[in-house]
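Shared between the two complexes below is subunit A, which has subunit B as its partner in the first and subunit C in the second.
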Partner chain A sequence: CSHSETSNSASGSKDTIKIMAPLLSPESPSDKSPSLKALEKYTGKEIKVTWVPDSSYNDKFNIVMASGEMPHAIVIKDKSAGFIKSVKAGAFWELSPYLKDYKNLSQADEKILKNSSVNGEVYGIYRTRDLIRACMIIRTDWLKNVGLDMPETLDDFYEVLKAFKEKDPDGNGKDDTYGMVVPKWMGLGNGSPWDVLQIWFGAPNRYGVENGKLIPDFTTKEYMDALTFFKKLYDEGLINKDFAVMDSAKWNDPVVKGKAGVIVDTGSRASQIQSAMEEADESNKDIIDIVGSLEGPNGKRTFPTSGYSGMITIPKSSVKTEKELKEVLSFLDKMNDKEAQILTNNGVKGRNYELKDGVFTSLEKNNKSLLYEHEGLAQFSMSIPKSEYYIEDQKTKLFQHRKDIITEGEKIAVFNPAESLVSDVYTQKGAQLDNIILDARTQFIIGEIDEKGFDDAVELWKKSGGNELMKDLNKLYQSSK
Partner chain B sequence: METVPKKRDAPVLTAGKGISWMAALKRDKWLYLLLIPGLLYFLIFKYLPMWGVLIAFKDYSPYLGFWKSEWVGFDYFKDFFMNPDFFRLLRNTLMLASLDLLFAFPAPLILALLLNEVRKAVYKRCIQTFIYVPHFVSWTIVVSITFVFFTVDTGVINKLIMSLTGEQISFLSDADWFRPMIVMQSIWKETGWGTILFLAALATVDQEQYEAAIMDGAGRFRRMWHITLPAIRSTIIVLLILRIGSFLNLGFEQVYLMTNSLNRSVADIFDTYVYMMGITQGAYSYSTAVGLFKSVVGIILIFGANYIAKKFDQEGLF
Partner chain C sequence: MAEIHTMHNTKAGRVFDVCNILFLGGVGAITILPFLYIIAGSFATEAELAQRSFFIFPKTFTLDAYKYVFSTPTFLRSMGVSIFITVVGTAVQLFFTFTMAYPLAKRHVKGRNLLLNLVIFSMLFSGGMIPTYLVVKSLGLLDTYWALILPMAINPFNLIIIKNFFQQLPRELEESAKIDGCSEIGVFWRIALPLSKPVIATFALFYAVGIWNDFFHALLYINDSAKWPLQMVLRQVTILSDLTATNGDTMQNAVPPEQGIKLAVIVIATLPILAVYPFLQKHFAKGMLIGSVKG
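Moving on to the complex of A and B:
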């Protein structure tokens, strides 16, 4: 049944590249989109994209895998169980031997490549994202009102939270403020405020290494110290009492409405809060500031992301020969050239943006349809070795600080040593195992269980599959070293 | 209601002796033709997808597809019943389902009876329209509203309780409050909608009986007890049987959204478990096995309830 395919590959080239990608914008770029046309001209291929709404992307992925009619390149959002199963069944090309032959792809970051791998084997080309996003967001006007400086250590942090509760930072004479807002959070080690603070306290990122062996973070002393600190914050009313149930969509509200003064999350949330506050009152300019990391007992540390968001995989059933694979790879390589990055992220010059004396100005401000011409294309842009498209320079202090924490953070990031390890035990039982610890952490903070209770939860974790998981992970860890 | 003929298969369409089914088919060909779209709908959308439950007996991998995945027999069922989670899930599901049946099922009946006593037709119709509205509100919104009202410190209800008693109640995070909250939400959302069938049944009650009862000096409650309720008994029984059939279907969305770290011990039910295993962890075969188990229990319950209803000389469903 593959006659057409073989004859196609015999004649030497794939003229069309079919891609499946998630769609996050309300509209996908049309076939006539000038950006897409320009991209086709630049890469020398006809590009056919199957757009799938982001919310149902993983379901659709499974259906496509089962149908056997696969595109030449598929964007994978995360290492989902469905993806891992397909990898194990041999659905995708392992790319590590090939990457070195390509101008851009050969410069992929080793660490991120490893993070994105499946037990060290590279099944996709990662899409670069900022490695550092975590920070502490704070209202500087409140800080001034209570007469404190920007916090630098965890002790300062506590002082600030206490002052925000007790010293009437909004000056209305009422005891109606508190320190930090924490929302309900699903999952462990995926960047919740607790996860970030634990790192600052000196705990490892999910797994620590002791005598060359991986141990779970919640068995370390630093982890318990952090937990005790959280409990203190809760007991003294420095964080919201309903943090176990609070809707994370309303996370900014208490800060914007002047009920709380601190959030620990990403730099982009700081910008959101800043613009929301400016919208409410123009005098609120430069009111929000951030700190990348608070110094704890083990020095300055920060919580990194995995450095990528999803990857682009090449299925074996549609790309049958090595020759075809190389063609798809050289297409993907070209997508990382500066010209292609600009086309996918900024669009066409003179249409989507203007460039005067090197200063970039977007022409899409009040014209969303221009933005949609290329916004979706960025879904299969990888930015390897680095992003080279234009970013509108915002001259605010906050924007500058966001850039600073990225440069500063890369040096002090604490990585998860098991990021690339895919354990079958975790695939099968990970969610329940994580929930045991997640629940125990919450229960400990609000005082439903004590340290003994937490230890019991750890025992339960071990019995429910945790021991198996650690054994499996350590085996993978040793062989990946 | 007691006048149902013993032999219900009255010989209208099945025809008398001498007419073969071919002839019957020919005679009523237009009627059968009308049946085809309905049949096709059920075949294509209800029966055809059913073979998918077979993946409960396979080690399904999306890449290998249905046919190439390996048969594993009852392995996944065994895993499930041996799993320490099984009894917790069973207990939570049964508890929630029983509370639901006990409180949420009679609520529309009671409301319908009350509405039936309302004299002014305009007034009655207005109320009816109003109480339908929550049915069209999605669970996500219902849970958000619940949060706004019931959260500690800033929730209206807790502010009220605080001013009265000086203490707050953690409605949303206290495990003891989880089940009452779920049942209350269900009642708020679905009671109005549930009255439709009861009201339709109430409309068919012979008004002369009421008049006669009034003549005999029967009060409102006597009339309700001796006329209204017996008159709609069969409707109640049919709805009850249907409800029992879906006894274990508690609605994934609501429970999932209300679950948090502090109430998970009582909030995990079969539906949320299937979601976690199947969708988030990709254990397709395992979660299909769990889902199939649930369906089998549902079928047993529906036949059981029907059997019991017939024993008590009620009409039953089939």
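Moving on to the complex of A and C:
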């Protein structure tokens, strides 16, 4: 039954749009989902989605690329080696000449579009995400118990962590608390607590620019200062000793269970912790608060995201002609209309949410099945030029602060100057190269190597392909300017 | 017997016994405790799961997780899919493996060595993920349950064990049956198969557990999420909580599935296949050794 459908997928005009998207909910929206039906009616297309479990998305992507049997639009989660290979092989449409013809797509943010490009060429329409997410999450009741104010500088931050360890913030008379929880983290420069703190310390974001040339962040003085600070935290027991192996799925637990008081991560994690603590004990209302940035030697800075999370690409093998491409693009353009954004993110009015005098109330609180009717659809929503769906206005302090750090953060964000540059050297050797630095960072913090050992690791990095990588990146950097 | 008896009465013997019981009891506890925790956790409230690291008895007993799991069509439907492919798949696998193993066990069959070598070759070298995918695709099996059954209809390793088992059956049995007028197929059905009940039970279990636990083939071959087997859904539910760390989210909070629901799904996904074990247990111990012992 299935192959008869797929065999005519490449023919003529498109009444059906096939999309491949990652699934991040336990359940996918069914074919009968009212939100999906409404979306089909709004866009005038039948929408068929191939849901792929998020955890195996790249495997499935490689299989689909190899088989040649492709949907009309594919969500790409990141610029993986497999994706870059397909791009170089000419598998996707280059979209820059076309975007200007569409009402919403033409308003795409230049900077984010550049970030999401492959060396300046746009192979997908990015999915907008908040540019600023990083913050320090803290238990305010502990802060009160140890008699300190919200930290504003890195020195305050150290004071607080020390007090959380030594001054018995939970008041149980036992020495059973510590300052900050840090989990293990794969990769470099993708928002780990270390990455965020390094920026606060004044180090560049992945690459610094010196005399018009890119240099890796770990060769800067600020980076070493940050690393020395991490080592001090570790030596004094202000962070968990098992940080190099701790499962990031259990990141919240020590805070929720009252063992630690600080996490450096995203605002949404703050909300998660707050609601978990409230669920355990109602008196925990407004117990968690956040600070967007701690002032370091180079002033206030913050770690931005790249402003997008993945993108939607259009393969040439299923969308053969320019005419077909324009059809798919106008479908994607419609997906950015306010009506479509609401359908994908909020669902159907009266069923998934209520609007009273402009105030949005979700009806999904105790009914997950309603949520799953549309939650998955948001995976191919791009929110360009901006998010226009409803967000429940939680009247909490925490929620307000989360909004504040986004506005404040956009002014002090430190961007990665090489975000859009895709170097072949990195595609091939990036993982090994990053690992050399990741390992050295961990070893330095736990005291297995000293500053000289770290310099040796940097030398090894240079010899293993780092020099080559910097040469390549600098070439791309000069030509992209 | 006498020796063992005296050993129990010596002091060293008793110390040894105590150590032995403690050690084996410890190993047993390590094996069973995670199971008990998962079962207990599936009946506990979210607050309790967040607060307590380990427990065997929940303080407040709740059926919320199970109520949710059975209220959505996804879980029941995927369980139906899993049961279907396990039952049909096991039958198909047993049929093909046994009917292929039997002639390969007969020395007089022509080309037997060539066939056997081909089988062994496929054990050492396989086509790989993408070529296999292309075969499944061009056979038109994508998005059908057969894609989860046919590509693994015969496991070469099992085939060789079963072939070795058939080889040890006394030749005299076959000869006497033939004298009584039995055909080759008759010998297989009436003599060889009834004698291999323990082997059938053992490999039925191997195959059934294999299919039940398999999610990867479904991931590759099944695009329609309505046809996903239970393990895909289980994997989806249990892996999700790790996502918030790596995915860009917006002001809207991505809510990971509740811990209790995860545990309930694990229980539901494990119980059916666990329930099969006792029925095959008596054959199992016997069958495991067959094929390895000569004579």
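Here is the rule we go by: the second predicted complex is superposed on the first by the 468 of 481 C-alpha atoms of A that agree within 3 Å, B and C clash if a C-alpha of one lies under 4 Å from a C-alpha of the other, contacts with A are read in each partner's own complex, and residues count from 1 in each chain.
The criterion applied here is as follows: contacts are C-beta pairs under 8 Å (C-beta built on N, C-alpha and C of every residue); 3 or more make two chains touch, one makes a residue touch a chain.
Just so we're clear, the structure is a prediction, and the values are computed from it rather than from any experiment.
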**OP:** Considering only the touch criterion stated at the top, classify A:A431 as touching first (subunit B), second (subunit C), both, or neither.
**Re:** first
Original post:
Touch check for A:I391: first (subunit B), second (subunit C), both, or neither?
Top reply: second
Subject >> Partner chain(s) touched by A:G212 [first = subunit B, second = subunit C, both, neither] >> reply: neither
Original post:
Touch check for A:K368: first (subunit B), second (subunit C), both, or neither?
Top reply: second
**OP:** Check whether subunit B or subunit C contacts more residues of subunit A in the superposed model.
**Re:** C
Original post:
Taking the superposition as given, does A:G358 touch the first partner, subunit B, the second, subunit C, both, or neither?
Top reply: neither
**OP:** Look at A:S86 in the shared chain and tell me whether it touches subunit B only, subunit C only, both, or neither; answer first, second, both or neither.
**Re:** first
**OP:** Tell me which partner A:R133 touches in the superposition: subunit B (first), subunit C (second), both or neither.
**Re:** second
Original post:
In the superposed arrangement, does A:N345 touch subunit B (first), subunit C (second), both or neither?
Top reply: second
Original post:
So, A:G147: does it touch subunit B (first), subunit C (second), both, or neither?
Top reply: neither
Subject >> Footprint overlap on subunit A, comparing subunit B with subunit C >> reply: 62-63, 66, 247
Subject >> Touching residues (chain side subunit A, partner subunit C) in the complex >> reply: 1-3, 6, 23-28, 30-31, 50-56, 59-60, 62-63, 66-67, 69, 128-130, 133, 183, 185, 190, 247-249, 251, 253, 256-257, 265-269, 271-272, 276, 279-281, 305, 308-309, 345, 368-369, 371-372, 383, 387, 391, 402-403, 406
Original post:
What residues on subunit A touch subunit B, complex-wise?
Top reply: 62-63, 65-66, 68, 80-82, 84-86, 88-91, 184, 240-242, 244-247, 427-432, 435, 438-439, 441-443, 446, 448, 464
Subject >> Complex contact set, residues of subunit C against subunit A >> reply: 46-47, 50-51, 53, 68, 71-74, 129-130, 133-134, 137, 140, 142-144, 219-220, 223-226, 232-233, 235-237, 239-257, 261
Original post:
Can you list the subunit B residues touching subunit A in their complex?
Top reply: 61-66, 84-85, 144, 147, 151-154, 172-173, 260-262, 264-265, 276-277, 280-283
